Each structure stands twice: as C-alpha cells, then as structure tokens.
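Note that subunit A is present in both complexes that follow, paired respectively with subunit B and with subunit C.
And now, the complex of A and B:
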C-alpha cells in the first residue's frame, strides 16, 4: 500500500518550489497606455510623434464607441465596468446641455435649465449617487460608477433630440403625448440599464436603497427634458 | 587596417548624432508646444470670454473642450515624452480598482526629455491650476455663479493630472531617497484619496 502510494507520487519528489516564483501575465488596459509595454518597450520608442498618438486616439475612440453600444443593449457586461472612461459622459452631458438651450430658458428671467445647471445637476447628482452606493458598502469604484451613470444618460439625450424634432411640428396636446411616451420610455431604459450594472455589486436587501437615488436622478433629467418649451 | 579606420569613422558619425540629440535643448518640440498650448489658450479664452462670444454656453463648451484635449494629451503623451512618467487606473478581475504610477529610470532610455523640457512640463503643470484657483476666488467673490461651475470643472481636470504626476515623481524618487518625506509619506498611505476613489 505504501509502495503504491509512493509510486503514485514518485514524480513529485523532484519538484521544488522556489521562493521567488515569477509572476507572469498580461493586464491589457486599453486606456491609452498599456502596462505590459514595459517588457516590449513598445510605446516608448517611436520614431514619429504622430503615429502612436493616432493609435492611442483611435483606441480611446473605439472604447468610447463600444460603451455606447453596450448601453443600447444593457446586459451585464464588463465593458462599462472594466475599462471605464469619462469621455462619454462628458460628451453626453455637453450634448444634453446644448439641446436644452434655445428654449424659453435663454432669457435670464425665465425659469428653465441654464447651461451650467444641467452640468451641475448631472455631475453633482452622479457624485452623490456614487457616494451613496459606496456608503452602503458597494464594491464598485468611484469612477466606474460615474462612468455607468454617465453613459446611461444616453437614452434621455436621444429622447431630448426626438422631443426637439417633435416640437418643431407644434406644441399641442398630441406633441405632448408623444413626448411623454418617449421620455417615459427612455427614463425607464436609463434606470434599467444603470441598475443592471450598479445594483449587482450590492448585498441583497440593499438594492432598493441604491436604486432609488438613480431613479430620482434620471427622473429629474427626464423632467427637464419633458418640460422643455421652445422660445416663442 | 583600412577596415579599422572605417569602422572608427562610422562610430564617430553615429556618436555625433547621439551627442547632437542628447545635447539638444529640446528633444520633443511638438510635445512641449502642445503641453502648454491647450492650457494657455483655455486660460486666455476664459479671460477674453466677453470678446469671444456673448453666449455663455459656447464659451463653456470651448474651454471644456480645450481642457479635455489638454488632459488627454498631458496624461497620455507629454508626460511620457518629456519626463518619462505615466499613471493610469486598471481594474483587475476581482473588480478592484488599482492606480498605477510609473516612473522611468533615466539610465534605461535616453529619449527622455532634457532639463529644459522637464522645467517646461512642471511649470506648465503647476502654474495653470494655480491660475484657475485664482479664477475660482474671483468668480466666487464677484458672485458669477455660472462661471464658477466652469472654473470648478477646469480645476478638477487640471488638478487630476498634477496629482497623478506628483505621485509618479514620488515613486521615481523613492529609489534614490528611501526615507525622504514625500516618498515615504505617499507610499505608506498609497491610496490616500484614491482609496476612496
């Protein structure tokens, strides 16, 4: 019996585990610089300045584009979480703020979202939601959460564009009904998309505590979109 | 013997090129220019905002666009070229966020920036956020609140790069002065802010 056991493990007697096991692996970070480049010395030695800069720009643009596509089909994917970036949210915020211009809000005495207000609402709101989820013990990091919330504004921005087109045709009851339907649908889409990413990281029973600020956030933005009225 | 002298001449030519490159005052003129260009133009645009456009929104978009270009180019290009520093964030498989600060050793690569370039880099990196902080106080005390939002956005974009590169520099100097205050202080509490972020 002992002999059999010895025979089974005979080959293992030669194996020695050295103290310093080299850690190998590749962490690819498509965020404009790659950590595995040190071995290759790739990006540090280039002949012209233009070539790798162009590659970096293209890579970043492709990353942003792929995230937009992932918001369109919100299933649990690692793209938004792993390779976060804030360029998409910045672009969406600026677009939304620009679309909300040109309304009855432009003159100073009218109520309505001024340009800077949209910015403040979006970014301050995102920061508050992130702080809330982190205080509730979420595992998602600060910038990942900002990234998800920012990218999920995309449906509401699209709704804003649709609303402006509808408002060109007139601002009666029909157009209001159409706008209401569009804004409600996109609000639901945004909330659903962002909670698909954010709520998963929470312990059970806390999910609704995390979801309700997101609900409020997109509700406020949807409200701004819906109540936009063009200047006479 | 003729071969030997020929070999020596070739070496001299290559050496001369190397020496010329090493003794150049500025090795990366394009990178140095762009490092300062976007930041300075953004500050000038803020100061001349009344003359550029009456519309606040277009001024806002212009300045934020300029500062976004500046953020991207300083983080991805000019830091690497001028001073050999790099910083980024990566998320590993567990979903933990990790901030990496990298400093290139000067001996490994002689394409790193010269002293003049390093001076340009650090002066540009430090002075511009200070100017924006001055703008913060001027807009705060003159109660121009919507300009305040622009200034806060600009400060956050500029200070992010400044903080990242200061951390990289601390990592780089750690090899030389192991118990210098900055290096040890920052390394013992590596995620002093970024632990929350």
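And now, the complex of A and C:
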C-alpha cells in the first residue's frame, strides 16, 4: 500500500513522509453514533437521540424561558446573544398578532392591522433594523440581532394582554389613560432592554444611529397596541 | 503635503500589515454565525482593504483622509456586503449636521457641496422616509379622531391601511423622482462635463434629507385649524423646495434658459404635489363615516311612525 502511494507521487518522496509510515487511516469521531452528534449541534459529549421526547422539548422550553427572564431584568449578559433561538420571537409574534385580532372586526379596511400585517411589520422590521446595524459597522450577527429584537417585544405583548383585560371593563377616558400609561411604560422597557444588548456592539459615534430605528420599531408596535379598539 | 496617491498607498500598506499580523481579525462585522454575507465579505475584503480599514479606524484624521481620497468609492461588486456598507459610512454627528442643513437653506450654500462633501449616505434618506410614512399615517389618524370627537356616531378606527398607502407614495417619490431627475440631468449634460453633474446617490440623498421638514409638519398638522395647516404646509414647501432648487440650480443653469426653468419648475411642482396630496388624503377634516347613511332613514322612519 505504501509502495503504491510512493510510486504515484514519486516526486514527493523526498519531502517529508518516511516510507515506513503508511499514509492511510480513517477520520472518525472516537465515539459511537457520530451522525446524531452532528444533528444535535452544541452539546456533543453525549448522544441525545435516545432521550425521551419530553426531555427534548423541555430543554428548548427552558432555554426560551431563561431568555424571557433575561428580558425581564435586562442586565449586561450574553445569554441572549450566545445561545440565540427564534422560538421565543415566533411565540411572541403569534401571541401579539392573535391578541390584536377581534377588534373593530366588522369593517374590513378601516380597522386595525390584520394578522399578516403584524407578522410583516414585526419580522421585516427586525430584519431591516438588523441590516441597518450591520451596515453601520456593528459586530452582532444577523440572527442574534433578530433574537434580541424578537424577545424584547415581550413587554409590549404583556401590555397588549393587560389592555384587552382593561377594555373588558370599559373603553372610556379612564381606561384609555390606564392603557396609555401601561403601553408607554412597556414601550420604554422594550427599547431599554434591546439597546442594553444591541448598543454595545456598535462603533462609537454611531450608537444613536442604531438606537433610533429600534425606538421607531417599538413605537409603531406600541401604537398598534394602544389603538386597538374592540368591536362594539 | 503628500499627494493623494501616496496617502492611498500608505493606507493600503498599513491595512495589509494589520491583516497579515492577525489574519483572524475581523475587519467588518464578523460573528459566529455563517451568513452568506460574511462569506461574500471574505472574498471582497481583500480588494476593498484600504477603504474599509479607513472607515473603521478610530483615528482623528479619518474624515480628512477619506476626503483626500476623492470620496468613498464603493468597494467590491454590488453583490458584496462592503458595497452597501460604504453607503452607511456616517456618524451621528454627520447625520444631524445634514438634517440641520436641510432645515436652513441659505442662498449660496449648495446642500451637496456643503453638507454631503462627496460622502452621500443612504441612512438618512431611508430612515427619514420611514419616519415620515409613520408620522403621516399616525398624524392623519389622530387628526381625524380629534375632529370627530364630539360626534357620537363616530367609532374610532386605527385605519391601518393608510400606512401602506403612505409608504407607497413616499417611497416612490423619494426614489423614483431622483432617478428620473438624475437620468434627465445626465442626459442633458451629455459628454461635455462630468464635473458639474451629481451622482445618483447624491441626488437621492438630497431628496431624502429635504423630506425631513415634513416630519414635524405632519405632527403639527394634528392641530385642527385649517389656516394653521395651510401656513405650515406653505412654510415647509418653501424650505424644502428651496433646498432642492438651490442644489440643482448651479447644475441646470448651464443649460438653455427654457430647459433650466422647466426643470426647476418640475422639481417644485412635484414637491408641491406630494405635500398637498399628503395633506388632502391623510388629514381630511370631513371623514365620511359609513354609519351616517343608515341612521338617516331610520330617523325618518321613526319620525314617520311617530307622526301617525
């Protein structure tokens, strides 16, 4: 085997490889099921193919839950950035879009945003803001930024739920004032939480340029939440 | 003083040194994820090395040296990420400067020459258009709500479809009109003189920044006094129209008298159409609520039954 190899690459015989060492072998991961490891990504010390389904689902749910908690108390941590996932943003977007339904439903075109409009605004808005921050020279990755922006919609979704409950009681001036306060507080919270994660990764002198679109994004979503009027 | 060519060569050496010293260093937005843009950025990085290094260096002389190089030429092909990154090479201070320049047009101060200084950006035009879309839609919604406040039959509706219409109109104006104008001016100039003409990006930039005055105007339009609205629209049109005219007059002046005047008039007319159209559509004072029509026959019927 080694002689054949040396005959084929005769010109290279004086380079480095000694004739005694066979240049052959197979590159394999020194544990059993390698394919399932590649499917599972990060933790490759053990195969996760044999675990019960409940465990798999709970692991993802725990990851999503821990990120929710990080949005609730935004401090400078890298959990949201390091292990990004898009389950949380999807869940929040669907919840928000569903909660925005059923308002002024009798009019087709004069009413609130449709389900698809909310989806488009949230996802295309996040994509455009991410592209904007990358074009301005940011170091955050595309999906990390989507993850942060999506998770920080959580205060506004909570405000939407509160608004719907308040609207059950009535839609007068008092309820409007309460809703205004709640939406303003949660809008400020969302903006503050997302800039705590996003602003660090920008070159100096451009932070406001990146923060302003985020502000506009949450302002528009807050506006959609505030102007939700139930059908009468 | 070193000639621009020497300066350029020097910068490239520095960039090459830095890159060779640490090949893993990220010159752009590198990250852990493998998006296609970073992969393409790797290919385009070598050719655009010196310009990109200039952009990201934190030195003081960055702005001056970029001007000495004759402006930011987009690096790489249009499929690379760096190409578009060169259009966003502005700082907060510069953007605020340009916005202020669009608010205060002085005769003799050409917006492009004075404020852009061969570094046109796309950040300003894009985000000003987006803000304007939402401010017009939201302002219109608020103004119709306020004007119908006393009307018991009025049921508040968010009128979200207006956002779509506003977006269509404003983005078409801010992007198609500069295309047309730039094409027309380039055609008129022919092959005579390339110095006087503005690049496409500069035209788009001027139009984008000139729309900024309409953002506070559309917020102030919520106040329901007609005379105030017309005064505001007049003031805004004068300011932004003069920014445009002052910018394009030096270029158009070289042409025949008729064409020059016609071009300037077209610019002003289109701008007026946009402003007045926005006001008419989004800030109508009489909102035709559908529920009014069914109520009247009902009232007639009640009166008829009462009379009998």
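Odds and ends about this structure:
The working rule: the second predicted complex is superposed on the first by the 175 of 232 C-alpha atoms of A that agree within 3 Å, B and C clash if a C-alpha of one lies under 4 Å from a C-alpha of the other, contacts with A are read in each partner's own complex, and residues count from 1 in each chain.
In this text, a residue touches a chain if its C-beta (ideal position, glycine included) is under 8 Å from a C-beta of that chain, and two chains touch if they have at least 3 such contacts.
Predicted model only: the values in this text are computed from it and were never measured.
Of the two partner chains placed by the overlay, neither subunit B nor subunit C lies in contact with A:61. Of the two partner chains, subunit B is the only one touched by A:53; subunit C is not.
In the superposed model, A:134 lies in contact with both subunit B and subunit C. In the overlay built on the shared chain, the residue A:181 is in contact with neither subunit B nor subunit C. When both complexes are overlaid on chain A, the residue A:90 reaches subunit B alone and has no touch with subunit C. Legend: residue contacts after superposition of the two complexes on their common chain; A:101 is shown touching subunit B, with no touch to subunit C. When the two structures are aligned on the shared chain, A:119 is found in touch with subunit B, with no touch to subunit C. Judged by the touch definition given at the top, the superposed model places A:72 against neither subunit B nor subunit C.
With both structures placed on the common chain, the touch criterion links A:143 to subunit B and to subunit C. On subunit A, the surface patch touched by subunit B in one complex and by subunit C in the other comprises residues 114, 134, 139-144. Residues of subunit A touching subunit B in their complex: 27, 29, 31-33, 35, 38, 43-45, 49, 53, 56, 60, 81-84, 87, 90, 94, 97-98, 101, 114-116, 119-120, 123, 134, 139-144, 201. Put simply, subunit B touches subunit A in their complex at residues 28, 30-31, 56-57, 60-61, 64, 68, 72, 75-77, 80-81, 86, 88-92, 95-97, 100, 102, 104, 109, 111, 145-146, 149-150, 153, 196-197. Interface residues of subunit A facing subunit C in the complex, by the touch rule stated above, are 104, 107, 109-114, 117, 132, 134-144, 203-209, 212-213, 216, 219-220, 223-224, 227-229, 232. Interface residues of subunit C, counted against subunit A in their complex, comprise 26, 28-33, 35, 37, 55-56, 58, 81, 84-85, 87-88, 90-93, 95, 123, 127, 130-131, 134, 138, 141, 155-161, 290.
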